[in-house]
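By written order: A, B and C. Residues from 1 in each chain.
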Amino acid sequence: MIKHYPIILRERSRGYYIITGEVLEKLPELPKEGLLNLFIQHTSAGISINENADSTVRNDFESFFNYIVPENMPFIIHDMEGPDDMPAHIKSTLVGSSISIPISSGRLMLGTWQGIYLCEFRNFPHRRKLVASIYN
Amino acid sequence: MIKHYPIILRERSRGYYIITGEVLEKLPELPKEGLLNLFIQHTSAGISINENADSTVRNDFESFFNYIVPENMPFIIHDMEGPDDMPAHIKSTLVGSSISIPISSGRLMLGTWQGIYLCEFRNFPHRRKLVASIYN
Amino acid sequence: MIKHYPIILRERSRGYYIITGEVLEKLPELPKEGLLNLFIQHTSAGISINENADSTVRNDFESFFNYIVPENMPFIIHDMEGPDDMPAHIKSTLVGSSISIPISSGRLMLGTWQGIYLCEFRNFPHRRKLVASIYN
């Protein structure tokens, strides 16, 4: 049995954010055993799993991705929405748009140091939508 | 209940292609509620979700991935099938080989601007196989 | 029906390893039809699908990822556990932490050249835990 829960995240400006708590708050009680699939409905933001403790990790992510996907690369054509537009599309494919996390004993089976990241690649805050699908 | 649908895509040469329509054509009517998992059975092509409207986005993807994974990097050893061989393997891991997309009301819950991309990393056209798995 | 199988992989030092056999050994007989979701419970290692035959491919992966995510990048702040710490977090997001592989006729539907990779990004051997979730 699968059930979908559309989740609207609060708006955030460019950066990397831990949203584990915000996602769980918007879901009903998790099943005993199951799987949670998260899918982000955007092409200029991504979701990933990474370190949940030290905020410098999220800062370093911002620095690193700007370093390998800088704005104004000479070969970029698509810039309709500004210089952060095409880099955002590229980053979203590098990071990915769906994750599946196992559920056991009614809890996400995340490792000790794992959190769910929202990666916002546009400069200005956007209202991002996830679909959380729980099957059991 | 899970059902698998092997899909053979038409051959395409190096580049990024929207295959949402081609995939849906080869599937039966989607269930009311469910999930579609797409898995590509190759190590020199990838699948991703990205912008479905402006073709310059796909051109920029081609330029960008050639820029960060160029051919003939001095440290590359594996070149049995030519200079596009190892870069194709690397790109396929960067982009990924499986995606899970929620299905609701008999339709893929893609965002307005999202399409399914086939990323063909080899120069010459290859016949690529996907497995589409629908569970509901 | 979903069942989870926690898998502890044998310790490996930095590098890329094919673990298809080791994973299958730790699972019961696969169902006739189903899906295997693999989730790695760490933020400094990743899992991916790539070439299963030529070991130079895995060496080239090591070289390439060290080239695009070198140690001691000047803007990196997070280095509590050493210079391989933050690059490992970045690589794990680039490579990913979950994969879904279809199962048919009691076998993984991998392509001819596909194997499951453990990507160990820390210098020293770590005991890595996966959760294998089988649903059918």
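Everything that follows uses one rule, which is that contacts are C-beta pairs under 8 Å (C-beta built on N, C-alpha and C of every residue); 3 or more make two chains touch, one makes a residue touch a chain.
Everything numeric here is computed off the predicted structure, so don't read it as measured data.
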* What's the rotation, in steps of 5°, that superposes chain B's Cα atoms on chain C? -> 120
* To do: Could you check if the interface between copies chain A and chain C is built from the same residues on both sides, meaning over half shared, or from different ones?
  => different
* Between chain A and chain C, what is the separation of their C-alpha centroids in Å? -> 20
* To do: Find every residue in chain A that makes contact with two or more other chains and list them.
  => 68, 94, 96, 100, 135
* To do: Spell out the part of chain C that touches chain A in their complex, as residue ranges.
  => 2-4, 37, 39-43, 68-69, 73, 75-78, 80, 86, 89-90, 92-94, 96-98, 100, 129, 131, 133, 135
* chain C residues touching chain B - in the complex, by the definition given at the top -> 33-35, 48-51, 54, 56-57, 59-61, 63-64, 67-68, 94-96, 99-102, 104, 109-114, 117, 135-136
